[in-house]
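One structure is given below, represented as structure tokens, and several questions about it will come after.
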Amino acid sequence: MEHQNINLKLKVWRQKNSTDKGGFETYDVKNISQEMSFLEMFDVLNEELIAEDKDPIAFDHDCREGICGMCSMYINGRPHGPWEANTTCQLHMRAFSEGETIVVEPWRANAFPIIKDLMVDRTAFDRIIQAGGYISVNTGNAVDANALPIEKAKADASFAAAACIGCGACVAACKNSSAMLFLSAKAAHLNLLPQGQPERKTRVMNMVAQMDKEGFGACTNTGACEAVCPKEISITNIARLNLDYTCAGLVSDK
Amino acid sequence: MIDAKIPAGSLDSKWTKYKSTCKLVNPANKRSLEIIVVGTGLAGASAAAALGELGYKVKTFCFQDSPRRAHSIAAQGGINAAKNYQNDGDSTYRLFYDTIKGGDYRAREGNVHRLAEVSANIIDQCVAQGVPFAREYGGLLSNRSFGGTQVQRTFYAAGQTGQQLLIGAYQAQERQIALGNVVQYSRHEMLDVVMIDGKARGIIARNLVTGELERHFGHAVLLCTGGYGNVFYLSTNAMGSNVTAAWKAHKKGALFANPCFTQIHPTCIPVSGDHQSKLTLMSESLRNDGRIWVPKQQGDTRKSIDIPEEERDYYLERRYPAFGNLVPRDVASRAAKERCDAGYGVGTSKQAVYLDFAAAIQRYGKIEAGKRGIEADAETITQMGKDVVKEKYGNLFDMYEKITGENPYEVPMRIYPAVHYTMGGLWVDYELMTTIPGLYCLGEANFSDHGANRLGASALMQGLADGYFVIPYTIGNYLADEIRTKAIPTDHAAFAEAESKVRDRIHMLMNIKGSKTVESLHKRLGKIMWEKCGMARNAEGLKQAIKEIQQLKNEFWSDVKIPGEINEMNPELDKANRVADFIELGELMCIDALNREESCGGHFREEHQTEEGEALRHDDKFMYVSAWEMKGEHEWEMHKEELNYEVVKPSQRSYK
Amino acid sequence: MTFKQMFTSSVGKKLVMGFTGLFLVLFLIVHVGLNACIWANDGGEMFNKGAHFMGANWVPRLLEVGLFAGLILHIIQGLMVEFSNRSKRAIKYDVAFGNRGSKWYSRSMGLLGILILIFLISHLAHFWIPNRSAQGFVGLEGEIDLYTKMKDTFTGDSWQVMVTILVYVVGCIALGFHLAHGVQSACRTFGLSNPKWIAVVSALGYAYAIIVPLMFALMPLSFHFGWID
């Protein structure tokens, strides 16, 4: 693969902590190999900042292979940058060209308060799971795994929903900061399986209630979430959740 | 000599007997017993969930922003279980035997047999939790073969088995949080074990957001903190994966076993330059269809597709006709290194070999044409073949293209071995307790089940076995004697002392104010380790490495530069804390590698090879676990745990 | 789900929007069908018969109450959802995601709705209010000749007529885009997840969103340009 080294201008959101007001800073990065990943470009910049006695840019990252869901940069107006079905860590500098200015912002949503620079607090997702994103089965109670055949199409659809990596790009992309794609993927993963049926109603009711409590917005089916999802989770899951929620609501005693 | 407390009796009755005779804690007492779980990957999350279900009061700690991000999530291929759903002759014994043999006869029989026994329960448990494993059209679970075993016992969920299993365990843990049995501390890093009267009684953890040090009490402490592959700087581990928790325990007296046993995975995307921050694995499953080759001519600079068939050297097929491209990981890795060292490497760095799918594409294309009963031209056959390959490996091919910019459907992949897993870890007995009473170690962080080389799809199995099915029994055996111990207030002198030591060290690091960044020092450590304690090691190199690491340690402690403040989110400080420990560990790894004068599994000493260049074990001298005790700076004492093979007869592995 | 949650939870609010929205969609079919009678080109005879049936019959008059209730609910709930959603991101992005991930009109339902509301107020002021005032709100007889009223409203070159026509045409275009997203969004909110049926509903939704507003927009234009007598 032909590649070259390029020079770029970076406009990055800097914010010392959650109470700081924050603002953009501009940096020149020089001689960046197009074989680098986007985060490696940040590593290079941070090394330079440290050398200049400046505070390096804090950003979340861990596995750097597109599965842990920790990386979270809003690059040139798009969560995870310009590539389709991709995470920030898998974005490579081939996506950019000489002299370009790249604007990098944190996920913005009231439910994801900024911790520092580009790092945000996504513990709201944990609390949504705690509200019902599980199957209540204690260790050791399980029957033989093949005692319960599951229609392949359903199992595949469940897997497709379970592929969610919980990165929050859906929230970042949504004009309403809604967590519906995340929530519905988590619910659909379990609701599509026979094991998930006993808690299906309470699961959706409680998870939606928690999402609202956390300060996420309501879904208006614009589809922006689906467009940026690194794992290509479909908004079909949102429709599934809506139906489950409506049915649960109609038959509930209260 | 150290005692692993393996129960007496025949191999297949040990665990059953242990379970029915170990001490129990009654439910009322469980409510007042507190357990700390550090690390929330497969082992940690499953342990936290299982212990919470039993009624213990559990606290979990992880440095990530959520337990679901632990690096178990990145496992691609699958999880083994002796279910024999395929009716192909699998059994508990076969899984046990394959694991012992795969580990090159350096693992404990008792532990491995227990692992094989509970493997089937893991699958049942995961399915009950809603883990969406791949299924056949009849609705039953699908299996594939993996890592050169002769049966199909690997359960999988597309290319993200690790993520699905971890989410299962994470959800079970979150459920216990909702029920009030578990309290979760994210973005927290354990920086010391607190010992009171010779027992582990808690930890000092740093809140990574505020920088504050916190004291947490527990009647027992579980370390489930994963492996230490990042000592090599470049590895397939996550950026944050570290040895710190295990190393603090080691410094407090826990023995560290077989540190030099590292697994180098053969199929990773090669390094592209100095900027490289980590390496990416391409699933082992690719070797089922890909053919590995290098040019026959040294320093051949032609493009891969311009090299004619007869000028290609399919060296694995040539050297190992019986297993071909499916030899175990350690063998495949060494063979690739051998070719590259001899000057046959490809790509700009010359540190890569080709993994070629052209033959598979043609083969599948022809099968497809046959299935549809059509006379297809070459182009159509190629297209149909590509479609089949895409179906099987599409996500991996996409990932490869994103990283390298090359289209692997058109040109062969370039691959090179990379550090992937560490078989060594804290020494634990049969109950998973370290040499410190009340301090347990689970999953990759311990050393117990994989010997000198781990088979594919066995890491997930071990993590979940330890967490769901072993620790809930063995910890009771210890805690049954602790029911009279009241929760110790954290203003106890031992907590204060541990905290002040941690604080002093952090201040010391911050006050060095030197000139070298943490990253640059870590890179240098990695280079020393990779070159001298990597895929091939020799006495001279190791001795040199020890010296270089000692120098590096001095340099680190006198010239490291850490920006920022202590009482704020400071990722550079977090990293410095970890790298300081990696440096000490690196030295111990070299010492261990120097001591083990034989080649076995992932540990290859150049002085000890057969005439054909294969690993040569010395069972007469090294049939033991080396468990190291830290005595002082640069000083360790080795304790041996002899390995007794009562059932399996060790033999030279042959894949020819 | 308590009845309160039906109106306060994020999914509940959307359900209300969807139900009232689809109810209004049904109403529009009746409305456009009746109004299409102007094209009978019979001097408004057929149209006025239809208008009389609707205005001088208790059943449609009662349904009208339901219609207004649905309309008001749709407006109030819509504005509340819009304002609540807007408040969920206190600091906006420097670079907007914009049209790369979603259609502009799917993000502008509030704005489109307000444009439609402006049109609606003007529309009610032109026809419904004068008619009902002539009848008396409880009366069934005495309605005005709506065909003539329409003709008068849209014929001529005065600036008032031009502004009215502009408001109508803009209102209809806004309605078209509002429906283009609204119909299929409502169906998703009701839980339609089957891709086959989503395709059908989307196609129907787009067809509806083009045909119905176009017909409405053609009505003032037909009078203005004298396409009908």
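Chains here go by letter, A, B and C, matching the order in which they are written, and residues are numbered from 1 within each.
Criterion: a contact is a pair of C-beta atoms (placed from the backbone, for glycine too) under 8 Å apart; a residue touches a chain by one contact, two chains touch by 3 or more.
This one's a predicted model, so the numbers in the text were calculated from it and none came from an experiment.
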Identifier of the chain whose CA centre is least distant from the whole-structure CA centre: A
Farthest-lying chain, centroid of Cα atoms versus that of subunit A: C
Separation of subunit A from subunit B, taking each centre as the mean of its C-alpha atoms, in whole Å: 26
Chain centre separation in whole Å, for subunit C relative to subunit A (CA means): 37
Inter-centroid spacing, subunit C versus subunit B (mean Cα positions, whole Å): 62
Interface residues, subunit A side, partner subunit B - complex: 1, 3, 16-17, 33-37, 39-40, 43-44, 47, 49-51, 53-56, 58, 60-70, 83, 85-86, 90-92, 94, 115-116, 119, 121-123, 125-126, 129-131, 133-146, 148-152, 155-156, 158-159, 162-163, 165-166, 189-190, 193, 195-196
Sites on subunit B touched by subunit A in the complex: 46, 49-50, 53, 64-71, 73-74, 83, 85, 121, 123-130, 132-141, 157-158, 160, 162-164, 167, 170-172, 174-175, 177-178, 184, 186, 209, 236, 238-240, 272-273, 275-278, 280-281, 398-399, 402-406, 468-469, 472, 517, 519-520, 561, 563-564, 568-569, 571-572
Subunit C residues within the subunit A interface of the complex: 1-2, 5-6, 9-15, 81, 84-98, 100-103, 106-107, 109, 181, 184-185, 188-193, 195, 198
Partner subunit C, residues of subunit A touching it in the complex: 11, 13, 24, 74, 76-79, 103, 105, 108-111, 173, 175-178, 180, 205, 208-209, 211-212, 215-225, 227-228, 235-250, 252, 254
